[in-house]
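In the two assemblies presented below, chain A is common to both, partnered first by chain B and then by chain C.
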Partner chain A sequence: MLIYDLAANPLNSNEWSFPLTECFHVASMALCIGTIAVVDLRLLGVGLRNQTAAQLVRGTEGWTIAGFSIVITSGLLIFSSDPLKYLHSAPFQLKMALLLLGIIYNYTLHRKVAQSSPPSGFRFVIAGFSLALWAALVFSSIFIAFW
Partner chain B sequence: MSTAQIFHWIQSTGWANALRESDFAYPVVLSLHLCSIAFFGVAILMTNLRLLGLAMPNSPVADVVRQLRPWKWAGFVLIITCGILLASAKADTYYPNPYFRIKLLLLALVGVHALVFRRSVYGNGAAVAPRNARIAAILSLALWLGILSMGRWIAYYEKPKTVHAVVTVLGPSQVRILPC
Partner chain C sequence: MSLLHLFHWYDHTALAAVMRKSTWAFAVVEMIHLIGLALLGGAVLIVNLRLFGVILRERPADRIARDLLPLLVASMAVLTVTGILMVSEETMKCYHSTAFRLKLLLFVPALLLSLGTHRKLTRSGGPPDSGPRDETGGGPLSRALAGSWRRRTGDRISVASFKPC
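Our next item is the complex of A and B:
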């Protein structure tokens, strides 16, 4: 039988490790969602208009990957602090579904449309859906604590 | 009127009460605060990363900085508006919170940073980053990361337990209880 003692988790045994992990989580969330939003806003015709969406994808993709790596790592750590609480939380379940959908969407349809030349007629829908999806993910994260 | 009283008055205004007591409005404003950080805070990040040569190296510095400016301001206004709403709802507990105070101090330093570097770095029309751009970018990133971290830490501050009375022993037979 696997026994997991929550109190032995470093995130639960001192005062600063949990908020510090959350800081990494929030900052890297802003990094990955923000760099995706740079591309989305360009597809909607605002922001960095002197660059093409394809150029922006190339200019930001490394930072998006870095953001995803840190946000998922810190997220797993936060999850480990109380797995059952999160597993049973409806906003958390929604968040995980949105994350999976978001990652797949970002690296398939979204990327394809952002890199298409000439610009695809679907770009407004693709960008709007992307922004809505990532915003919904942020909302579901906050609601974990308020449900 | 002391500062603490001003904070108390802010918290007791109708909309601050409504926001604090609503199960729904408070997390919604908090979510908007975070969405604004992600969608618009990245403009600050990209500006500084470009100055450091770490993002979009093929686009001229001045071009990237200039295009991101309105977006940076829009984000700043949104983030601050949500932040003021959130702080107002809990102004009484925010006032003595040291992390909140550090956050305000760092925000003031962002203003100083802007005054110092605005012309030479961010308003500079040159295609390549000016010499002090590296310092300006690193300072800006450090300040904003500090602000973000203090924002998270605000939630973890516990006010020291209130001491209801201090007992002082003045002499062998004199015991005085001083309420505080």
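Our next item is the complex of A and C:
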């Protein structure tokens, strides 16, 4: 039987490694959500009104992908520090579901709307749902600590 | 009143008591704080990437900075207010924390530099196609400092949750 020794994980044995990984996780989460939110706000008519949403998507997509890559990599490292605790945590399960939904939504419907010129009402719904989705993900992340 | 007295006073306010007692209050404030951080990160990143000439090259940086200024100011206001509320959870721990002091020390120059860069750009004026004029030296430094203040040490308690100090 394969036994995973939590104490052998560097994130549990080194005082600095966990907070440092968490710093990268939070900063990269801010990066990807921030770049998506700027596009959402443009769709809502706030912020960069002299640029089209399509221009903003083109300008920020590389940074959004970089942010997602670091979030997922650092998230997997953090998960490895205590897998059972996270697996049994309802907020963590919700966070994973929201992350999956958010990524699919961002690269399908959200992207399509940002790169086209839909009626303003539909644009508002798409941007509003996107902002609500990412806010819910942040909220579920925070609640992992309190559950 | 010294800084220590100020922290002692804040630690004993009704607000601090509420924040300590309520799980939901802290979590909601922290969520707003993180969303403010994301919005600030997005706004600072876009302006600085434009200054580097990486994105939105067809638009002048001063126009982009002007459009994003309300978002920058609003997100900084949100971060400051929610940050003050979060400190009330562990006021004295924050006072004695080196990381918290470093964070505040970095926050001030990052704030001044970001607002200074925006102010300089938005006052520079000029025609919309004057891209090279906008390549000021404030961008990379601004980005580095703004990135620095966002870095913080997290309590070892959750994936993305952190205490103020």
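Here, the second predicted complex is superposed on the first by the 142 of 147 C-alpha atoms of A that agree within 3 Å, B and C clash if a C-alpha of one lies under 4 Å from a C-alpha of the other, contacts with A are read in each partner's own complex, and residues count from 1 in each chain.
What we mean here is this: a residue touches a chain if its C-beta (ideal position, glycine included) is under 8 Å from a C-beta of that chain, and two chains touch if they have at least 3 such contacts.
Just so it is clear, the model here is predicted, and its values are computed rather than measured.
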item	value
Fit or clash - chain C, chain B, common chain A	clash
Partner chain in contact with A:Thr35 - chain B first, chain C second, else both or neither	both
Partner chain in contact with A:His88 - chain B first, chain C second, else both or neither	neither
First (chain B), second (chain C), both or neither touched by A:Asn50	both
Partner chain(s) touched by A:Ala27 [first = chain B, second = chain C, both, neither]	both
Partner chain(s) touched by A:Ile78 [first = chain B, second = chain C, both, neither]	second
Overlapping contact positions on chain A, where the chain C interface meets the chain B interface	18-19, 22-23, 26-27, 29-31, 33-35, 37-38, 41, 46-51, 55-56, 59-60, 63, 134-135, 138-139, 141-143, 145-146
Touching residues on chain C, where the partner in the complex is chain A	23, 27-28, 30-31, 34-35, 37-43, 45-46, 49, 55-56, 58-59, 63-64, 67-68, 70-71, 147, 150-162
Chain B-facing residues of chain A, complex	15, 18-20, 22-23, 26-27, 29-31, 33-35, 37-38, 41, 46-51, 55-56, 59-60, 63, 131, 134-135, 138-139, 141-143, 145-146
Residue ranges of chain B touching chain A (in the complex, touch as defined)	23, 26-28, 30-31, 34-35, 37-42, 45-46, 49, 55-56, 58-59, 63-64, 67-68, 71, 145, 148-149, 152-153, 155-156
In the complex with chain C, residue positions of chain A that touch it	18-19, 22-23, 25-27, 29-31, 33-35, 37-38, 41, 46-51, 55-56, 58-60, 63, 75, 78-79, 86, 92, 95, 134-135, 138-139, 141-146
